[in-house]
Amino acid sequence: MTEQERAFQDKIDADIKIEPKDWMPDDYRATLIRQIGQHAHSEIVGQLPEGNWITRAPTLERKAILLAKVQDEAGHGLYLYCAAETLGVSRDEITEMLLDGRMKYSSIFNYPTLNWADIGAVGWLVDGAAIMNQVPLQRTSFGPYSRAMIRICKEESFHQRQGYDAIRKMAEGTPEQKKMAQDALNRLWYPSLMMFGPSDKDSVHSAQSMAWKIKINTNDELRQKFVDQTVPQAEYLGLTIPDPDLKWNEERGHYDFTDPDWSEFYDVVKGNGPCNVDRLAARNKAWDDGAWVRDGLLAHARKKAAAKVAAE
Amino acid sequence: MTRDEAFLQFLLRMGDNTLILGHRVSEWCGHAPVLEEDIALANTALDLIGQTQMWLGLAGEVQGEGKSADDLAFLRDVWDFRNVLLVEVPNGDFGRTLMRQFLFDAWHSIMLGRLMTSSDDRVAAIAAKASKEVAYHLERSGDTVVGLGDGTEESHRRMQEALDYLWPYVGEMFASDEVDAEMAAAGIAPDPASLREEYDALVGRVLRKATLTIPDSRFAHKGGRNGRMHTEHLGHLLTQMQWLQRAYPGATW
Amino acid sequence: MTRDEAFLQFLLRMGDNTLILGHRVSEWCGHAPVLEEDIALANTALDLIGQTQMWLGLAGEVQGEGKSADDLAFLRDVWDFRNVLLVEVPNGDFGRTLMRQFLFDAWHSIMLGRLMTSSDDRVAAIAAKASKEVAYHLERSGDTVVGLGDGTEESHRRMQEALDYLWPYVGEMFASDEVDAEMAAAGIAPDPASLREEYDALVGRVLRKATLTIPDSRFAHKGGRNGRMHTEHLGHLLTQMQWLQRAYPGATW
Amino acid sequence: MTEQERAFQDKIDADIKIEPKDWMPDDYRATLIRQIGQHAHSEIVGQLPEGNWITRAPTLERKAILLAKVQDEAGHGLYLYCAAETLGVSRDEITEMLLDGRMKYSSIFNYPTLNWADIGAVGWLVDGAAIMNQVPLQRTSFGPYSRAMIRICKEESFHQRQGYDAIRKMAEGTPEQKKMAQDALNRLWYPSLMMFGPSDKDSVHSAQSMAWKIKINTNDELRQKFVDQTVPQAEYLGLTIPDPDLKWNEERGHYDFTDPDWSEFYDVVKGNGPCNVDRLAARNKAWDDGAWVRDGLLAHARKKAAAKVAAE
């Protein structure tokens, strides 16, 4: 370790935030760009499965709540792209990396939303898992990222409560509604567990990321925490977690549960999830169709600036 | 036609305009040309849905049959809708969507300004709240129309095409019938025809800045405000919008 | 699972395939690239709707709850549908529509050929009638795939893209589960897996003539045949298809 | 009149058909191309208002009937384009004249179909009016046109019966269905009357066309016949014709009725009907989107032909 590296690590160990103008190791920068970019892309692609139900929301209030939520997600994307930009990568650059497949987004968004209860389940389970991942990241070592996470976490926990409320309405509703709620849980349970990533013993980057405080907890810790939190909620709703081997382990003080099928996870990461192709096609179409708009607004802004200079 | 019958029609016209336009705008969610637009469009849709809750809520009250805003939004068929045709035409490209928004916002802001002095306190209160939101919508859609109209050659062409396509739908916003006469007599709402001059001035000013040419025709498609003849597009919109309420009647969500 | 339960599932699979594909094809009506194609697509859709009436009619009989083919078509929600995912993907361009048709027709013709010797007379009779129609569908979609694959550079590119997009949906047609085991044991229908070899030979021959390359992957999307996980597209299709029956329950048309 | 023209008119007067290879006046040819082309285009554009309800047809049987009907219309378009081709104008040429607005189609198709009863009403009223126009044209002087009309009329009268049956089901159905049927009649009555064209006294081409047996009856005769036939059918259905002045005139032996608003007719012809822009846009889109298909199939056919020649 060089002296510079040593000083850098000392700051992190002392919980002093790293700011964009500070020196940082190339790997730290690259890892952060990948992590923040992937998180930003997840917010953007994450609009699609929920957006799928906006035009079919069953009441004006539910439509408003869903719209507000999807709007927040776009906002989160914006904060995160800004945080990434402080590391020297422009929004357009990493957007193009998303669009041509060089960068990833969270695999959970490659699953479809098939009934209205999915909208509740996404808030309850997916946002729930996301928060579990994100809360510790409020203490992450990179200043702009940490500050973005603080704003995001506040809104996410609001979304999670709304999601839980929406699925509660379904679970307490007509038999069809209850069936929808159970169906949503059946389909989204394991994909939600996968959101924490493979077991840390199989993860190559974890040790360094934890030393850098880019990652705070292990994947398995967070997954366990999520299960422990979610099972009683499902019980309260009268819904059944689709895992016959799930049970409370008195000794451990945790639930034992079945690991997700990691071959499915790797399949989805490779591009073979139910919606990968459609999701990327939708984002590419939005980007391509919007080129004339971006060009037009830019051209206008330049004309205005030129006129202003000429007038001075 | 009694005053209450006319009042109900007036409220449905206001509420159906915001409902249907809010729905159309919400179709963009996740597909806009740039992230800031995604956020702005969602925000516009959100405001319009909120206004719908107020207008249709009051409509249900005036109707006196115990119907909620949701009942009115999700359980009427095409012929019962009273929105102008302008708000139900498909989104088209982003340019058409924004041009439609601007042409509606301009009318909407003038109308709400007048309604703030309505003789009916409830109408005045809704208008006061909505007009703040709509002032912002208008500023934004106007700016975007100017930016794209006076942008590149392609963006100019697309905006002119959007204006040419939408212009025949503008006139209906200023049509008057016996409902309007009754509302004007009661001091509840202005005669729509009386808004036209201010509208032409406002729209003319912005479109000139946008270097766009207003089509030389006053021909106007009509049929939305009285439900006699909507476009074929509205029925398709309702199949989506009303699906869950139709498929699972009586459920609460 | 009793034999009748399995039989019902089998019949829903057959009938939902033709129902949903027939619906998709009918979306082209009036919009095809050339008049002869408009006619041919309408004809295909018509045959598929007719086959749906037979399959779902028999399904209602076997189910024994007094449901008609229309009840089954218009009053089930997404999770109750048993079609393969292939038939519910959106039409895309004409090339994707015809490629989807060809990939399905090839399976359909082989399947119906086997079903003509079904131990259940009603199944054999439906298969006999349908297989004549489907032989014609296959001839036509195969010829068009060859014509467009081996046409211009652009048509070749579009057909290859269509094939690449659709290929991951092919495998589901040959998946087997306990329903299929039960049907095979009863001699009612073949094990789908047993059709694959003939299918690969047929499809390979046509695609070679079309100068197209079959993607080098056996990955298969699944979830339609047992209803566990349809695509997001099916729900949107149903909002249109079922609209009138949902909005006006109990009416006769 | 030249001798050639005299001989031509004599043949027509003697009810001898004119065939494509026969000599004919330029005006006769031009008028026929316009009339047959306009009729063909009407079949094609006429697919759109009915096609609008194919994906929402309420039963499998209704969907099949509607699909078969729209398919027949495409077939009629095909016969008529073939008849026009015998006059020396290719299908692509007159298609392009439709697409750029140089040629017209029947204005009735510029009205929207807004509820399911419209599908019945189109069959009952629109096909009814079309048949009224077309039956006499089976005796038209140009052979290919006459033969096309004979085939078409057979199918059209079948469509009309199906349309009447469909609207009868609505008129005899629930209160909402009955309301749909009445609503359809209200909207389509006057546009149907307009299908016969303005009064002959206002029509410039009529006299010559009648002498050439391209036109057999006057517009007013046919309109009256249509009203006389339709009023009792509406009464049988329990529907009200939206004309308060409609009444039986014992003396004339016909119904008196209110003339349609011809200013609306001219507005629609000029392009200001409710759907003109959307209809033409739909046809143009189909044509433009389909260019690569037509090109591809043509290229393949040429390759095959060349391979065959090479093999010989």
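Lettered A, B, C and D in written order, each chain numbered from 1.
We take it that contacts are C-beta pairs under 8 Å (C-beta built on N, C-alpha and C of every residue); 3 or more make two chains touch, one makes a residue touch a chain.
The chain lineup, named per UniProt: B, C = Phenylacetate-CoA oxygenase subunit PaaC.
Given the structure is predicted, the values throughout are model-derived calculations rather than measurements.
Trainee: Just tell me the minimum hop count from chain A to chain D, counting one hop per pair of touching chains.
Mentor: The least step count works out to 2.
Trainee: Which chain is most remote from chain B in terms of Cα centres?
Mentor: Result for max centroid distance from chain B is chain C.
Trainee: Between C-D and B-D, flag the pair that has more C-beta pairs in contact.
Mentor: C-D
Trainee: For chain A versus chain C, what separation do you get between their C-alpha means, in angstrom?
Mentor: Between these chains, centre-to-centre, one finds 36 Å.
Trainee: Counting only Cα atoms for the centres, state how far chain B is from chain C in Å.
Mentor: Taking the mean C-alpha position of each chain, the two centres sit 42 Å apart.
Trainee: For chain C, what residues touch not just one other chain but two or more?
Mentor: 77, 239-240, 243
Trainee: Any chance you could list the residues of chain D touching two or more other chains?
Mentor: 56, 176
Trainee: Name, in rising order, each residue of chain C that touches chain A in their complex.
Mentor: Residue positions touching the partner: 77-79, 165, 168, 219, 221, 223, 228-232, 235, 239.
Trainee: In their complex, what parts of chain C are in touch with chain D?
Mentor: For chain C paired with chain D, touching residues are 19, 23, 26-27, 29-39, 42-43, 45-46, 49-50, 52-53, 56, 69-70, 73-74, 93-95, 144, 146-148, 150-152, 154-156, 158, 240-241, 243-245, 248, 250-253.
Trainee: For the complex, give me every residue of chain A touching chain B.
Mentor: 44, 47-48, 51, 54-64, 67-68, 70-71, 74-75, 77-78, 81, 91, 116, 166, 169-170, 173-174, 176-177, 282, 285-287, 289-301, 303
Trainee: Along chain A, where are the residues that touch chain C in the complex?
Mentor: 49, 52, 56, 112-115, 176, 183, 187, 267, 272, 274-275, 277-278
Trainee: What residues on chain B touch chain C, complex-wise?
Mentor: Touching chain C from chain B are residues 77, 236, 238-240, 242-243, 246-247, 249.
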